[in-house]
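One structure is given below, represented as structure tokens, and several questions about it will come after.
Here the chain labels run A, B, C, D and E in written order, and each chain numbers its own residues starting at 1.
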Amino acid sequence: MLKLVKTTSRKAGLSPGSPVFIGEKVTEKFGLDMVDYNADNFSVSTPVRLDEFHLLKDTPSNTWIRVHGLHDAATVDKFCLSFGLHPLTIEDILHTGQRPKIDHYEDYLFLVINLIKYDDATREMSMEQISFVLGSSYLLTFHEKDSDIFNDILARLQNNKGRTRKMGVDYLLYALLDRVVDNFFSVLEKIGEEVEELEEELIADPSPETLQTIHSLKREMILLRKSVWPLREVINGLQRDETAFMGESVRVYLKDLYDHTIQVLDTVETFRDIISGMIDIYLSSVSNRMNEVMKVLTIFAVIFIPLTFIAGLYGMNFNTSQSPFNMPELNWYFGYPFALLLMAGTTITMLIYFKKKKWF
Amino acid sequence: MLKLVKTTSRKAGLSPGSPVFIGEKVTEKFGLDMVDYNADNFSVSTPVRLDEFHLLKDTPSNTWIRVHGLHDAATVDKFCLSFGLHPLTIEDILHTGQRPKIDHYEDYLFLVINLIKYDDATREMSMEQISFVLGSSYLLTFHEKDSDIFNDILARLQNNKGRTRKMGVDYLLYALLDRVVDNFFSVLEKIGEEVEELEEELIADPSPETLQTIHSLKREMILLRKSVWPLREVINGLQRDETAFMGESVRVYLKDLYDHTIQVLDTVETFRDIISGMIDIYLSSVSNRMNEVMKVLTIFAVIFIPLTFIAGLYGMNFNTSQSPFNMPELNWYFGYPFALLLMAGTTITMLIYFKKKKWF
Amino acid sequence: MLKLVKTTSRKAGLSPGSPVFIGEKVTEKFGLDMVDYNADNFSVSTPVRLDEFHLLKDTPSNTWIRVHGLHDAATVDKFCLSFGLHPLTIEDILHTGQRPKIDHYEDYLFLVINLIKYDDATREMSMEQISFVLGSSYLLTFHEKDSDIFNDILARLQNNKGRTRKMGVDYLLYALLDRVVDNFFSVLEKIGEEVEELEEELIADPSPETLQTIHSLKREMILLRKSVWPLREVINGLQRDETAFMGESVRVYLKDLYDHTIQVLDTVETFRDIISGMIDIYLSSVSNRMNEVMKVLTIFAVIFIPLTFIAGLYGMNFNTSQSPFNMPELNWYFGYPFALLLMAGTTITMLIYFKKKKWF
Amino acid sequence: MLKLVKTTSRKAGLSPGSPVFIGEKVTEKFGLDMVDYNADNFSVSTPVRLDEFHLLKDTPSNTWIRVHGLHDAATVDKFCLSFGLHPLTIEDILHTGQRPKIDHYEDYLFLVINLIKYDDATREMSMEQISFVLGSSYLLTFHEKDSDIFNDILARLQNNKGRTRKMGVDYLLYALLDRVVDNFFSVLEKIGEEVEELEEELIADPSPETLQTIHSLKREMILLRKSVWPLREVINGLQRDETAFMGESVRVYLKDLYDHTIQVLDTVETFRDIISGMIDIYLSSVSNRMNEVMKVLTIFAVIFIPLTFIAGLYGMNFNTSQSPFNMPELNWYFGYPFALLLMAGTTITMLIYFKKKKWF
Amino acid sequence: MLKLVKTTSRKAGLSPGSPVFIGEKVTEKFGLDMVDYNADNFSVSTPVRLDEFHLLKDTPSNTWIRVHGLHDAATVDKFCLSFGLHPLTIEDILHTGQRPKIDHYEDYLFLVINLIKYDDATREMSMEQISFVLGSSYLLTFHEKDSDIFNDILARLQNNKGRTRKMGVDYLLYALLDRVVDNFFSVLEKIGEEVEELEEELIADPSPETLQTIHSLKREMILLRKSVWPLREVINGLQRDETAFMGESVRVYLKDLYDHTIQVLDTVETFRDIISGMIDIYLSSVSNRMNEVMKVLTIFAVIFIPLTFIAGLYGMNFNTSQSPFNMPELNWYFGYPFALLLMAGTTITMLIYFKKKKWF
């Protein structure tokens, strides 16, 4: 299950802007790919010396650097400083579990977003922070783990498919964000299937586990919403950005991306509403089922009650020899069959009555 | 039942603006009607060569092209490109299940809306995306299926009834949107009837199916609202549009259309509120009914309990010959009648008590 | 009960602005009164020729025309056209069940509001649309039925009481709207009494009918709110109106009217909140009462269970002659009294225990 | 209990601005105190002739007139007219039960607020309307009853404590409003204590009365909120007032007053949230308690059921002399002790089983 | 548990701006530390004479004065007056339990915030007001108690770590606020753990205490939110401040702080949503468990009912010698075994039936 809060106590008391990694301990090593491209050329390399990166900042070609393995805080700090990033930016990159946001600095735009992953096997979501730094001709991306979500965009870049190669790093940023938002749709589609399965299960065979599933779905929706709401603000912020980092030609794409984000948000809200309604259905189903059982059992018991009474009646020891009024039935020739018939009659009358009242 | 999410995973990972059809597979073929009209002339034709359409773009007469059968993505793409539509527009036309929206391009306005259909037989709603492209003298409409909703407007055009022929394509767009909003009213009217039926059923004879119906109505309201809220924004956007596509003379009609959309929205919200309240009524009705049954059964059982005890009492085997204190009743002349009267008296006392307490 | 939606399907598919009457079929005939007044003169007449009305439009005296009997759509249409009303205005006048709204036309202001009536006998609300057309020196009012709500204002005009005669038709419009808002207060006052009665009934003697009443009150509040919210916008629209139809001197009155509308709205919301809370009280009351009954019945049954067991015990047929251990009690001199005392003792012990546990 | 709506029907149909008193009939007579003060002088008097008040309007010293006993509408009307108040102002002063509001007139500011009183004995709130008219050098206050809430401010004025004497009537208005807001805190403090008591009662010993109390607290919160929300707007309106009635030097105090009002509002909302949560706790407590009783009773009954069966078994009349298989136990030497032991064993087994299942 | 309202009645009726301490009575004495620092120098001292402080106001070095022990109102008042603080500021410092706020005065900025403490042992939150006064070169902090939350910042100042020494008192204020917001994260982290524990307990073993815990968590969230919402406004106010107190260079840090506050708020809202959902889970769990017990008991009882009936049947005293129809079973050779088999058969049939119906 998604953790509600990341452990932040490690940081409390430190100076603001301290480069400390907050996040799950992953054993993965720090690593990075450098992609250099323009309309005509494309190269991928894995540089070793961190201190030469800043030279790239002002080259005319577009540079995309993918960093992964953030737990090596010192190396990440060194790398970021070589790009002239503000200490608060570095803190936000390392301190994963941030709320999605956009920060405008003089030299670059800084974006934090959350990527949601859905594990088909366990049906659980997990969340990963991706940070973006957009300069005039470079884009840095920081992943907690070695995520492969952007691999197809890398492939498109390499094969020179689509518009990506022809346009600047601002379009590349858009393409990456579009990939992230498309990923939300994939996750929602799976959750949508889960919700529809659950709706059928609710009617057919509700069990205490069903309520558990509803609750954890609701919880996931709450956390998903917590990621998408600020994402909407981030993309809106990009769209309205008045700095030169996002070119005019990318605006129309950002409008489209914004619309998609709104649609994700709408769907999350719709799911929340539907899931909330399911709890009523569940409680009512369970209570109906229980009531049915109790009703049948009670009716069963009620039918035997007069029979047992009749049996008890003729089990009384009144002295029949004392008086002709004392239980003459006991000495009748058809006394026993009479009693049995009386019992059968009572039972049938009751069954007819209950049937008529539609009690079963 | 309305699907919660359209399958979008087919698209995730593709370049933004890729022309892929997302939607229900319908076997219908790509087709189109071309309506050419002005105050004096009117003609309908079905052109074959797609590459000549762009010639129409700048003719002085008004042109309305109705496209249906979107699953043939390649043909639609080719057709749209001939009109100079932006790749994102084409993507949105093909990728049905969009949130209603309005996009302003330099050469045209692009609108996406959802048409709601209500099947009287199954009492289920279905949703279809209709896209509109409004140029200076042409209007394109794209339907997922071969919808006949605009046929009466076509007939009015042909018969030169109303204002439509005398005015431009902007008025035609208004007339089509007005038709869509009127259609919402028709659907809401039917749902209103269903809600009122349900309210009566709730009181008269609530069954587990009633709750199912309430739940699916609630679900439909959630999805309906999801279509109408953004529609409101779309029509507001049209109204405030500062480009030249919507003429001044059409503004007053758009204000009216906007008011109608608000009214649709109001009604949807009202239904949601009323339907929410019905769940409480249902649960209370069911619980009342169950309680009544259980109470009657319990009272029935309770009445027999003392009788069975009395019968048991006189079924004890105390030796009456041993002592005059040992169950002398057994040897009384009217012992048995006495016992029966005792039982009858007990029963009557209990019935009077329960009646007085208003327990049945 | 208030209908949720007016039948609008009769209209779907017609050209926008078609003059079709949508509303309850009332047999009342079309009729109108014409009131002509200024500070010095006052006359009421019932003109016959509809085509001469437009002559009145520009006379210096103030003219108030009250139209009722809207189902005669053709006559209303003709009348309205003679005043130069826009087709959309005429459509809105005839198509009753509109959401309250204000439309600004070049020649006039158009207002639609809903009048709520409360039937004391059936305790049900009904709704009637009243449309207003305010020109520079004339005011038209359109009633679905022959409503007498404005009769006292007519009387004030005639008797030259208050400010109405001295001021223009804009003040008259204010006076009429003030009357409508005062009417909301009267309705709310009656509903307030009903709510307070219900609160007492809830505690004293809740029945399934109580829940029905709560539900229908809630429903009425939802529909009332649907009328008052847009009314607020309408009056706000009048207040901020920059055209010349509402004079400066009437603004201070409109501010007051606006405050009253807010107060109506506040009261409706308060009632909604209180009524919502009543459902919990009801469910809890009913469940408490039921639980009490079941508890008493169960305790009653439980008390007899050991008695019946004791009776059964001494009804066993062990052979007392076989052994001194076999039910010697049966041959005791005080065997039967002993058994009865045993039973009495058991009962008393149980009653004390239950009393101590505060179970009854 | 607080009435939901004031009786307003007496007024419906009257001309707007009619001076009719709407409110509880109190026998108190019309009366007024006139306080005249500046930094150096202070005098209190009770003038008799109402028509001389207007002379005071333009004196350089500050004048505070406290009016109480509003049911004498004619006298109040006469008094107000002598100050040149607008008919709508007079109507609002007399028609108590107004929503708090601020009206800007050319010659004065008009404020209506609600004072909440809390009766410690009955634990009930009552509401009183206080109206303020602030001119350039005079302040009028209108009380429904002879309220003593402003007595301590009068005393401060008299003893020349604090800043009040040195400043104008605008500061006096602030001081009075501050007193009213402080009074809200006192009421909330008492309600807070009631809420905390209730929270303890809920856990210790919930009774149907507890639910009554929760409901009436909730109702009070709804009505309190209805008074405080508009009060916030009123004070905000004062703060942003651009007329000359509120001096610059009082602004900083109004900001403080506004903050306090927000705090009152916050507390009301907090109470509402907490009280809402208490209903769940109550329902759950009651249901738990009931369930416990039913469970114990059921277990008790269940324990006796097999015992009664065993007793019944050995009460059967099979002919033991016919066959050695027919109930040989009846003739055993230790038959009866065997049966008793069988019963004891059954009981103990069941008790152990129930204990293990943690059923009691 | 956190008190809902601070005792404010002590103050009602006093002149606005009266220096009265409202808060918990703590025996701690008034005390203060004075920290004087710039990039090169650092000194801490504890001055005795309060009347010399104002001399510090205009020194070029930065001065931070920490005041604790507010219950000595007179001394605090004297101290504050020596700094030229406004009476309303002094009132707000002393009257703890304020809503967080920011006030702009000509000479200084005044901030009030609430610090939340979480006691690990009792799992309870407590709240403390901290007030800040920021002048051009001095910062005053006022603590209710002798809080050590800012000690690490003092240590950083002393050791000249981080940026604090190099920057002005505006950065120091930021650093202190950042410490307070980080503290919210620590508290939320602990509450998050508590929530997750509770979620497990809910499924594994819900008890009435669980509901108590949910309720008190919900209550804490309500109160926490009441502190954080206005804190957000305060920090936003600081950020948008146009006075010279907050320098340009600190703005980027305030943006970051604002983002963190939003994240705190988001987390509080998330917790509220999750905790609300837990009540449904709890009620359903408890009801499920109870239902299971009742079902098992009922089934047990139902199984014995026909057995007891059969035993009662053969306990009837029909005279077998009178007729061959009168209970011939009693004289059969295998009569008793037949009866026992009949009982066993009945039991097995019922068990199979119940098993098939999945009733246990």
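The rule we apply is simple: contacts are C-beta pairs under 8 Å (C-beta built on N, C-alpha and C of every residue); 3 or more make two chains touch, one makes a residue touch a chain.
In this text the structure is predicted, and so the values were computed from the model without any measurement.
Trainee: Can you work out the whole-Å distance between the CA centroids of subunit A and subunit C?
Mentor: One centre to the other, that is 41 Å.
Trainee: Where the CA atoms of subunit C average out and where those of subunit D average out, how many Å apart are those spots?
Mentor: 26
Trainee: Residues of subunit C touching 2+ other chains?
Mentor: Touching at least two other chains: 287, 294, 298, 301, 305, 308, 312, 315-317, 327.
Trainee: Which of line, ring, star, complete or other matches the graph of chains that touch?
Mentor: Ring.
Trainee: Report the order of chains around the ring; begin at subunit D and proceed in the direction of subunit E.
Mentor: Cyclic order starting at subunit D, direction subunit E: D, E, A, B, C.
Trainee: Considering only the defined contacts, which subunit E positions touch subunit A in the complex?
Mentor: 152, 156, 161-164, 174-175, 178-179, 182-183, 185-186, 188-189, 192, 195-196, 203, 252-253, 255-256, 259, 262-263, 266-267, 270-271, 273-274, 277-278, 280-281, 284-285, 287-288, 291, 294-295, 298-299, 301-302, 305-306, 308-309, 312-313, 315-319, 322-323, 325-327, 357, 359
Trainee: Can you check the complex and tell me which residues of subunit E touch subunit D?
Mentor: 3-5, 7-9, 11-13, 15-18, 86, 88, 92, 98-99, 101, 103, 105, 208, 211-212, 215, 218-219, 222-223, 226, 230, 279, 282-283, 286-287, 290, 293-294, 297-298, 300-301, 304-305, 307-308, 311-312, 314-317, 320, 327, 329-337, 339
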